[in-house]
Amino acid sequence: MPVLEIRDLKKYFPIRRSIKEFLTAKPPKFVRAVDGISFSIEKKEIFALVGESGCGKTTTAKLIMRLLEPTSGSIIFNGNDITKIDEKEYRKKVQMVFQDPYASMNPRFRVYDVLEEPLLIAGIEDRKEREERIMKALEAVKVSPPGEFVHRFPHQLSGGQRQRVAFARAIILNPEFIVADEPVSMLDLSVRAEILNLMEEIRDKYNVTYLYITHDLSTARYMSDRIAVMYLGKIVEMTNSDSLVEKPLHPYTKALISAVPEPDPKMRGVIKEIPVKGEVPSAVNIPSGCRFHPRCPYAFDRCMKEEPELKQVESGHFVACHLY
Amino acid sequence: MSILSVNNLKAYFLTIRGAVRAVDNVSFSLEKGESLGLAGESGCGKSTLGYALINLLPPPGKIMDGRILIDGVDVTKLSEDELRKKVRWKKISMIFQGAMNALNPVYTIGYQMSEPLIYHEGMSKKEALEEAKRYLELVGLSRDVVNRYPHELSGGMKQRVMIATALILKPTVLIADEPTTALDVIVQAQIINLMKKLKKELGISIIFISHDLSVISEIADRVAIMYAGKIVELGSSDSVYLKPKHPYTQALLRAVPRIRGKKEKLAFIPGAPPNLIEPPSGCRFHPRCPYAFDRCMKEEPELKQVESGHFVACHLY
Amino acid sequence: MRWSDLKADLLDFWFQFVKNKSGMLGLILLIFFIILAIAAPIIAPEAGENWRNLEYWQENPKSVPPAWINIFSSKKLFVHSIIYINKFNVTSYGGITEYVYNISLDYNYDVPPAGMLLVVNAKGKQSPITLDVQFTRPDGTSLRLASEQLYPVSKEDLLEYSLHFGSDMSVVSNVMDFARKYENPDVMSKIKPDVFKFTYPLFSKAKPGLTQEGAAEPLKGRYIITITIFTTEQGIEVTGARMVLEGQSYGLFGTDDFRRDLFQGLMWGTQVSLLVGVVASVVSVLIGVLYGVTSAYLGGRKEELMQRITEIFYNIPMLPLAIMLAALLTPSIWNVVLILVVFGWSGYEFVVRSIAHQVKEMDYIEASRAIGARARRIITRHIMPQIAPYAFASIALGVPGAILTEAALSFLGLADIKRVTWGLILHDANGAAATIRGMWWWVVPPGLFIALLGLSFVLIGTALDEILNPKMRKL
C-alpha cells in the first residue's frame, strides 16, 4: 500500500473581481494552481516533484501538509483520506522542511525552543523527556555536541547548520513522511551535498518517505527514485529518475533537460538549442487543450483542442502528450 | 593592453565590530572580448569585487588599496563626478543581482532606457527612444516594449531589459552579478544564450559573477575561483574545470550534481566559510582543507602560475 | 522563552537604557514626579480632599507669589509666617487668669505682611476673653494694637477666638492714631479706614509717608508683640494660640485667589496626571494590540469589517465629542480615562495590525502551523513578542498626550471637580484672569509640570524606541 496517494487533486484560488467585472456579472476567474494531479509514493521512496516557478509544486506541498484545503480531489495517507484523520495525529506523521533555513525559524527562538515547539504541541508534558528528545534529534542530524548548540539563535548558525536543525525539527516526532520543499536551493554549493546525504541517512535510519520538491533537475535526479514533472498545475511526465533524464518523452521535459547547464567547458561558445519558445503563461489564462501547446515545437491540431491524459507508455513511465 | 586590470585590490567594510576584509588583495586582468567568470560561494567577495570595480560599494564599504585600470586609467583615483560622467556606464556597466527589481515601477521601459542616453550622450528624447528600441531588439524583445511598464513584463523579459540598458552606452566591460539566479532554468538558458550572442556580436568583455559553476562554465573563457576574499585559482575554463588544482576548486566541482552521465556521490566540504573580520592565519582555506600541512597555517600562499595561464594559490604547488 | 532568557533580555535592555542620556533624563524626571505623587498624602494629607473647601485655606495669604521670589526681587516681600504659642506665662490673681506671651519678630523685609490674624484656643465653658496686644517697634516706639473682648466659636470640643486685625475697626483706629503722630496731615485726611493698609505704618520708619505703600520706608529690626489674655471665668483654660502674619509670599508655589497652597495642589495633581496618563495609555495600547492582532489573524471579510470600525473610531474628532460626552456623563476621573481610551486605541491598532500581518507571512509561522500550532500559540509565542517592543514604546509615548488631553478637559471644566488636577488649576487661573493680573505662579507651574511630565515620557519612550526598534526589525 503506498504511503501517500494523490487522486485528481485540484486547488483553485479565486481572483478578486473589480467592481466593473462584478457589475457586468462576468464569471469569477481562478488561478488554477493545481489542476488535477494524481500520483502515489511508496514507502521509503524519494519522490521528486519538479517544475519551474508557478507550476504548482509548492501548492501541492501545502495541500499535503494541510496548510491549504483542496478545491477537489483527495489525499490518501496510509489508506485513509486525510480529512478523516485526526489533525494532530496526522501532523505527527507528516512533517515539512522549508526552503529558507533562516526564515523558517523564529529569529527570537533558540535552537532549544525551535525543537521544543513540536514536542509541546504534541503534548509531551515531561520536561526531561523533551530535553532528551531534543538532544537525540540534534545528534541524529549531526549537530554535535548538542549541548553547545541548543542555546544559540538561528543567526548564530551557518546555513547548513540551520537546515540541519530544520531537519531535526522535522524528525523529532518520528514522522513517516517528510515534504522537503527546495531544502538546498538557498544553501551554498559545498553544503548542499551535506544536507542531501543527511536526507538519505534519515530515510535509511528512520524509514522515512520523502516528497522532494525542487526546480533543480540535477539534484532531483541525484536524490530521487522517481520524478514527476509539473507544468502549469498538471503532471506532464512521471517515471524513475534515470529514465526521465536519459529518455525524456514530453517536449517540456526535453526542454528542461537541455536547458540545464553543466560544468563542461567544451559546450561553451555553442549556443544551446532550447526546443521551446517564450515563457510560462500565467496560471489564470491557461491555454486550451494541451497547456504546453503554444510553446511546443511539435504541436499539431489536436494539441490545441484536446487536453492529453497522463498515460503509461512504458513500464512505469507516464506521459501526458498527444505524440504518444 | 588589457581592457581591465586589477592590481592588489583591497575592499573592506568598516563596521563597528571591525573591518570585514571582503576583497583582500585581488589581482587579475581582462582582455578585449573575453569573458571572465568569478565563481565562489556566498561571502567569498565576488559581488563586492563587482561593486568595487564600478566604485559602487555600499557604505561602510571602502576601497582601501590597490588599482583598477580601465583602458589604462586608474579609476580609484578619479572623483565621483568624473566617474559618473566618463566611466560608469560608458566604459563599464553592471547588471545587478535581482536586477528585475531595479526597474522603477512608475516609469515606462522606454523612459528608463532613454535616461542614460539623454544624460550622457545628449540625445533628444526621440533619438534616445529609437536607440532604446534597437537595443530591445538586440536582446530579443519586440520594439513596443518601450511603452510597457515593468509590472507588465515577466522575469525573463525584465532581465533582458536590464541587459539592454547596461549595454546602451556601448561600454567595453559588462559586469553581470548573478544575472540568472532568480530565473527559471529555461529562461536562464535563454539569457545565457543571449549573453553568448552579445559577446560574439558586440565584442564586449564580460565579468560574470555567480555561485553556479555550471552557468559560468557555459559562458566564461577564463574562470577565477574566489574564497574568503581571495582568488585561489585562475585560469582558462578548460584548465580549471578539467584540471582543477586548488583543493577548494576540486571539492567544489565534486559538489555539483550532474544531470548527465554517471551518478556519482556528491561531495561536500565540512565546516563553513571563515569570518572575514578575523580570517584564519596563513591560507584561509586550511581549516577545511584535506591536504593542509604545517606551512598552510603560517604562511599565506601567493597566486602563482603553475602552467601556462593557470594560476593557483596553494602550498601544494 | 524561559525566565532566564527574559531576565537576560531585561538586564541587557537595562544596560542599554542607562547609556541613553535622554532616556535617563526622562527616567529621572519621572522618578521626581512619582516621588511627588507619593509624597502628597504624606506631606499634605488633607489638601487633596479639601481643595474645594475654602475654609481650610483661610490662614493662607491670598493670591501671593512663592516665597523664594525674595531671592530675585530687590524688595523683600514678607514671607507668610504662623507663630504658634503653646505655653503662656500664666498668673492668677483675684479671680482673673492672665496669660502672657511675647512674640519676638525679626523683620528684614521691605514689604510688610498683608494682614494679621490672631487665633486663641481654649477649653471649657464658653465665655468671652479679653485680649491685649502691645506692639513694640525696634525704634522704641510702641502702641497698643488691640484691647477688646472676644467671643468664642466652638470648634469640636475646643473654643476658638479670632481677631482679624485688618477688619477690626478698633485696631485700625489704634494704628491710625499712631500714624497720625508722624504722617503728613493731608495724607492722613485722605485715608479711608476700610481700605487702609494698616501694616505699613506698623512696620515702617516713623516719618511722613509711613502710611503710603510707595513712600513708606521699612523699619527693619526686632519687633516685640506682647499678647496678654485675661479670663475671668473659672472653668475655662486657654490652651494655645497662633499669630498669623499674612505674608506677601507663601510657600513653594504661592497661593491662588482662594488662598490655596498651589504646591500642595500641584503635588496632588501629580497623582491624577500619572494615574490618568498611564492608565489611559496602557489600556489604549492594550486594546489596540488585541484588536490589531485578532484582526490580522482573522483576515478576509471579518478583518475588513473590523478595520472599518477602527477607521470610524480613528476619524471621529475627539474634542467636540469629548465635550458632548463629558456633558452627558458625570464628571469623574474614570470617565476622563474612558474618553481617552475610546479615542486613543484606534491609532495603535493600525500599526499593530500591520506588524502582525508582516509576521504572519513569515515562513516560521507556516512552519509552526505545519507542526500543528493552533492560533493561540502562534499569536502568543510568535506574533506578540514582535509586537511587544512597539507596544511598550507606544505606552510611554502615549502618556504625554493623555495628560495633556486630561488637562484640556479639566481646563474646559469637564473633569472631576473634587479631585485637583493640573488642568483644573489652570482652569481656575483662567477664570480668575490670573495671566492678566500677572499671577505667573498660578499659571506657569501647572503648565510647566504638564510639559515636564509629558517630556519625561517622551524621553523614555524615545529611548525605548531607539533600543527596541532594531530588534523589532528582526522579523
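Letters A, B and C mark the chains as written, and numbering starts fresh at 1 in each.
Basically, contacts are C-beta pairs under 8 Å (C-beta built on N, C-alpha and C of every residue); 3 or more make two chains touch, one makes a residue touch a chain.
This structure is a prediction, so every number in the text was calculated from the model and none was measured.
Visitor: Can you identify which chains form the pair with the largest number of contacting C-beta pairs?
Guide: More C-beta pairs are in contact between A-B than between any other chains.
Visitor: From the centre of chain A, which chain's CA centre is farthest?
Guide: C
Visitor: In whole angstrom, what separates the CA-based centres of chain B and chain C?
Guide: 71
Visitor: When the centre of a chain is set as the mean of its C-alpha atoms, what distance in Å lies between chain A and chain B?
Guide: About 31 Å separates the centre of chain A from that of chain B.
Visitor: Got the chain A residues that touch at least 2 other chains?
Guide: Expected reply: no residues.
Visitor: What residues on chain A touch chain C, complex-wise?
Guide: It comes out as residues 65, 67, 87-88, 91-92, 95-96, 98-100, 103-110, 113, 117-118, 121-122, 169, 173.
Visitor: Within the complex, which stretch of chain B touches chain A?
Guide: Contacts found on chain B: 41-42, 154, 156-157, 184-190, 192-193, 196-197, 211-221, 237-238, 241-242, 251-253, 255-260, 263, 266-270, 272-273.
Visitor: What residues of chain C sit close enough to touch chain A in their complex?
Guide: 1, 5, 362-364, 366-373, 377, 381-382, 385-386, 474-475
Visitor: Quick check on the complex: what are the chain A residues that touch chain B?
Guide: Touch list, chain A to chain B: 52-53, 158-161, 188-194, 196-197, 215-219, 221-222, 242, 245, 255-269, 271-272, 274, 276, 279-280.
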